[in-house]
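Pasting the structures in now, so scroll down.
Same chain, two partners: chain A is paired with chain B first, then with chain C.
== the complex of A and B ==
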């Protein structure tokens, strides 16, 4: 955190100054470790084992915050008697189909009081293969589980099939000994962390878990975060001040680009892109989201969906034509960025837009990225600088190896200069869901333009080209609501800059007849009388005021600072904060008071906007047949979940299991110490000759790649370098690609500090300057010593400082829930000296392929 | 040169009230004439750092149509005026001489860039989008289900863009039938 989010880290140091204990767990000693009370080196890829060990410590010593756990989590809920755990099936859960490598999650469901499974629950137990292909798990970012509202429970937590007991059995084998053996952490150090975490939680105290999004870049990435969530729920650290799970995201508005997604499987506000199989009508699409019979705010999905369609197609969208639902294109499987790159290599894609993104350096398997781009008809690169993704046809490593020959590369490239953050106005959404409006400081120079300008005018021109078309397929473009007001600078006349505030107002939503901006998504109607482009952002323009532009100084407000910017939903700064009060609505302790029920005023109040219906009393009990919002009891804080409870066990929505289980990374030098099942059995692989993976046990020849590598950021650079290697001040601070190795590894392989090393995988070989440092230490794992090496990933051949790209080393294997690649752990070889150049580079990699007989073609991997 | 001697900072420090040498003793007429760029700026815009997702407030100072300074916004409850090395270098980012300010075009099989007029480039891109869409249009998939889409146009990016921009990007591509629209959140 001190390295990649230094200014955010000041708050950790504030907490430390007030007595907080800071623990840092990381494969590498960093600036964060230097300032922490305790630093724990860990083997990359073993986090579930580590956190699972703490879960076991909490459960076997009954250290959980029992009142919270019983009232607010699904610990008491009883799971189907058909469920079988990984203990019984050696690393698999019940329902596994080895043919498709997916689960049928029927046996993971809550037990039924009646014979028939409720509609809400049954609906999602369907085709998990499709769900994997479409990264359906990502929709659950705010969807929550759609399960029956009132499953059978045993509040004594004694029922053998209640979640609490299942969890306890599942993690029983995650003993300190197993943690030490798997993670390379000493038992003493592990217990120090486990005890500190448990002691600093429950009624009077809270512990925060902070992760950086390298956690998501694993074949079990979602389950990493799930393990953290289980622990924080057991200890009563969710929805309470000083607690929670903080995801430190890495880009100025990556939260915004997930909320208002440029993602293949999502529409704004986490509405799913309709798929051809299940969503051929508006009703099917809405029902798939709202899950009739469920509790919670997704029951109003009809209004959210209709408001989006109305925002897209305006007057053309009417109740009679299902608000133009049919205009939405349908997905049929995996259309993610890695699938698309493979399709580029296979010649199926014509054109590609790159919008402030540099996949030639920043995406896994750089060679595949560049070969894909070299096989397109055209690429439009919009960026501040001449980045590697714009110059792949003349300067990429594949030009040196002869794989791309400029005179034979047909791709047309348009490099369009972009406006910077100071040259346009608009909102970023930062990592805690807060939108902040940026004022424009000045007009961009020359031909530099905003994306708003580019896409508004591109849309205008494409629509002009289709004007007069009678082809039905062109209606979605011709009927599109695309009349945004423009104003002066940078372009004139018809080339003016669109008004970003007008777009924000459409995102917020308004009454169609009057133009009055909506103040809350509860005002959205499903009859076409209101429209709004992203329901979770409704309120950002409440009262006709741009709430994201609010700038009441922090010093003039309390610590929650609700009048600086605006956070979704409804300006709540902490989600699920109803949990900061006990079931009766009183703060769990005075020290941790945050939101509570005011008996006299008969409403929720506190330091933040309560994440609960304002006047629903804690004693409220829904009628038996209640649905949706009315079915949320006064003591159900997790209002987006189908049962109102925090999920220790997840019966639905996850592809790879209801509880996190340790699997080895796809590339690992070790056999899984816990189970026969080696790696995540449901991960998404692309088994192709151009995407070979290094062998791992029980496959043979894993010793060809004896070391573990991981990558992360430097303070002085930014991701793929497009905003830092071209900036003199930053380039000067970190001028050269390097690799950090321990003194022990340096001795083993003859590496000299300041000299060069070559790092090899089956994708490529790169060179880097050697930094011999005790920041990395050899770990003892499963009875032998393992060396880890660390690489920053910011370099390419462009910019003021150049170097090889660490991402060239990485193969494409994805988490099955969200289709994010495993790029934070892999195996490699390290040799002293520089790598070969020209065609000899590919010969070196081919030699390793021969030696390791890597799985390049057919065949299942463990 | 008694005047110069008497003006010597060490002497002023030893004989004056500023014994620690952190105030009047070490000031010179040149120091006094120095004015911060932030004071002489024509305008200041309240902005947000474009690097990581912490969301530090920035103040962008402009003079004669150039950014002359970017500082942390002391009012922001996020960063209290502080910026990290990258945020502190953001003036250098936006004023870098390496920034592209004209459209560059690489024709098929060409070995170098040529300059292109912005409006001509826009016309060419619009033509290519229309052609790619028409050439790859898919009304039904292989199972005869209605999909109304193109798999010929892909896009990657958005995590450093504004919400308003991402909104228009997704809206336009969706209306076009392009679905391979992705950003860093998948990476």
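== the complex of A and C ==
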């Protein structure tokens, strides 16, 4: 966190100054470790084993926050008798289909009191193969599982098939001994962490779990977070001040770019992108979201969807034409970034827009990225500098190897100079879901322009080009509501800068007839009388005031600081904060009071906006047949879940299992110590000749790649370097690509501090200066010593300081839920000296392929 | 006889701006307290300093000494963050790991050169498996000494004592003689040698404590940019109290290595305007353990020279006297 989020880390230091204990678990000793009270080195890719061990520690010693667990989680819920765990099936859950490598989750469902499964629940336990292709897990980011409202429960937690007992059995084998064997962590250190976590989680204490997004970049990335969620729920740390799971995003407004998404399968506000087969009408699409008969806030999805369509197509969107639902593009399967790159290589993609992104350096498997871009008709790059993704055709490593010939590369590159964040107005949405308005400090230089300017005018020009068209297929373009006011700025008159506040107002939503801004998404109507571009952002322009621009100093308000910026939904600073009070609505303790029920006023009150219906008393019990919001009981804090409970066990919505279980990384030097099943059985692989994976046990020849590598960021550089390697005062701080190795590995491979090393995988070989440091230490895993090396990934051939790109080493293998790549762990070889240049580089890699007989596209992998 | 020098002019406690002749309405002495126990080594101070003061970036080669790529304080580096990788506690034991020869690899060295050995105990998965190891970070800067030798030796008056008690170079007056360079007991000041095209080449350069920002009532750029308040700016008097309290707090928490450096008005430079809380000996961070202002002995030298001159004069007179019978 100190490395990649130094500004946020000030609050950790402040907490430490107040007596908080800081524990840092990381494969290498970083700047965070230097300031932590306890540093725990761990083998990259073994986190579920580590956290699973803590779950076991909590359950077997009954250290869970029992009142919270029984009332607020699904611990008491009884699961179907058909469910079989990984203990029974050696690493697989029941329902696995080896043909498609997916699960049928029917047996994971809650037990039924009636014979028939409720409609809501049956719907989602459908085709998980399609769900994997479309990263359906993402669509549930704020969605919650749609299970039946009143499943059978055993509050005594004794029923053998209740979630609590299933969880206890599942994690029983995650003993301190197994943690030590799998993670390379000493039992003592592991127990120190487990005890500290458990002891600091009770009525008057809470513990926060903070991770950076590298944690997600694993073939089991979603299950990493899930393990953290289970632990935080068991210890009563969710929805309470000082608790929670904090995802530190990779850079400014990454949260914003999922809220108003740049993802192929999502529309604003986590509405799913309609699927060409399943959603042929507005009603089908809406029903797929709101799940008739289910509980919770998604029951109003019709209003959210219609308001979005009205924001897109304005007056053209009417009830008669389904609000132009047919105009929406539809997905047909996997259109994710890696699938798209493969399609580029195969010649199926014509053009590519890159906005502040440098995949030639920053995305996994850099060679595939560059070969893909070199096979396009055109690519538009909008960036501050001429980054590698704009120069791949003339300077990339593939030019040296002869794989790209500049004179023959057919890709036309349009490099458009971009305005920086100080040169344009708008909002950033940070990890707390808080929008902060940003004023423009100065005009951009020369032809540099904002993204808003670029897309507004691109749209305007394309619409002008098609203005006379009578072709039906051009209607979606011509009917767009594309009338944003412009004001002064670098370009005047026709070329003016669109007013970003006008866009924010449209995102917020307003009454069509009067233009009155909506103050809450509960005001949204599904009849076309209101419009709004992103339902969860409604309220950011309440009362016609830009709430994101509020800057009341912390000293002038309470510690929750509700008048600094604006957080979705409805300016709540903490989600599910009903859980900060006990089932009767009283704070769990005075020290941790946050939101509570005011008996006299008959409403919820507190330091934050209650994440609960304001006047629903804690004693409220829904009627048997209640639906939607009314079906949430007064003591159910997790209001987006179908049963109102925090999910220790997830019966649906996950492709790879209802509970996290340790699988080895796709590339690992070790056999899975827990089960016969080696790696995530449902992971998304692209088995192709240009995407070979290093062999892992039980495959032969894994010893060709004996070391584990992991990559991450340095404080001094920004992601793929587009904003730092081209700026002298930043570039000089870390001027060369390097690899960190332990003194022991340096001795083993004859590496000299300051000299060069070559790091090899089946994708490529890169060179780096060697930094021998005790910050990396060999670990003893499964009875033998394993060396880990660490690489920063900031360099490419452009900029003031150049170097090989660590991402060239990484193959494409994805988490099945959200299609994120496993880029934080792999195997490699390390040799002293510089890598070969020119065609000899590919020969070196080919030699490794011969020696390892690696998988090149044939056959099944474990 | 009235000396050319007042009491404590060159030695001992003193209010430097009063001594320089600023009147009663002068502002309180300003300085930095750098608490290295909360420095995260982000280098924001280095960058903010260079941006504000237009200090050139001129070295694009990796030093391979931990994360320190800015070498030292010099004309192009007014803030410098040291990274010290240091094994703590008793000497590590080589467990004779199979297949691994005793290492002679050069470790990612530090200014202390202390990290040259293996941490063999890590392999044991035992109680000692935690890296018994520390990574110290510290942002160094001009000390703005109470008794500043650089200022004393400057023949042009380019270096002067500001009303804030700080020591500032006027680059339009400096003639580049370089007397100040060896005068500094910390090796802070030097003449800018490049890069080509940058301003003030040949001129002595160092931290001004952002004199222009102070003038406008602002915090110096480095302290403003520091995310963890490792660099604290303020009145020296108040900062010294804060530093004492912080050391006491750390001692109470069991961090017995915490100590202050440069805060004592009775030290060799009369106390620094920029002082530090360190977690190890100053040498570990590349700081002189007991710096003394190089002009400390000037009065004594002057007195001796005067005595010598008087004696010589007297001798010469005597010899003349002696010739006349």
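To be clear about the criterion, the second predicted complex is superposed on the first by the 862 of 862 C-alpha atoms of A that agree within 3 Å, B and C clash if a C-alpha of one lies under 4 Å from a C-alpha of the other, contacts with A are read in each partner's own complex, and residues count from 1 in each chain.
Rule of thumb we're sticking to: contacts are C-beta pairs under 8 Å (C-beta built on N, C-alpha and C of every residue); 3 or more make two chains touch, one makes a residue touch a chain.
Please read all numbers here as calculations on a predicted model, not as lab measurements.
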Superposition on chain A - do chain B and chain C clash or fit: clash
When both partners are placed on the shared chain, which of chain B and chain C touches more of chain A: B
Contacts of A:715 with chain B and chain C, given as first, second, both or neither: both
First, second, both or neither for A:728, with chain B first and chain C second: both
First, second, both or neither for A:785, with chain B first and chain C second: second
Touching partner for A:738 - first (chain B), second (chain C), both, neither: second
Touching partner for A:394 - first (chain B), second (chain C), both, neither: first
First (chain B), second (chain C), both or neither touched by A:7: both
Which of chain B and chain C A:509 touches, first, second, both or neither: neither
Partner chain in contact with A:187 - chain B first, chain C second, else both or neither: second
First, second, both or neither for A:241, with chain B first and chain C second: neither
Chain C-contacting residues of chain A that also contact chain B: 6-7, 10, 715-716, 728-730, 733, 800
Chain B residues within the chain A interface of the complex: 43-57, 60, 62, 65-67, 70, 72, 74-80, 82-90, 92-94, 96, 98-113, 116, 118-119, 121-132, 135-137, 139, 141, 143, 145-172, 174-187
Chain A to chain C touching residues, read off their complex: 2, 6-7, 9-10, 13, 17, 29, 31-35, 38-41, 180, 184-189, 714-716, 728-736, 738, 740, 742-744, 746-748, 751-754, 769-775, 777-780, 785, 800-801
Chain A-facing residues of chain C, complex: 38, 40-44, 46-47, 50-51, 56-62, 64, 66-67, 69-70, 85, 87, 97-109, 115, 117-120, 122-127, 129-131, 133-137, 227-229
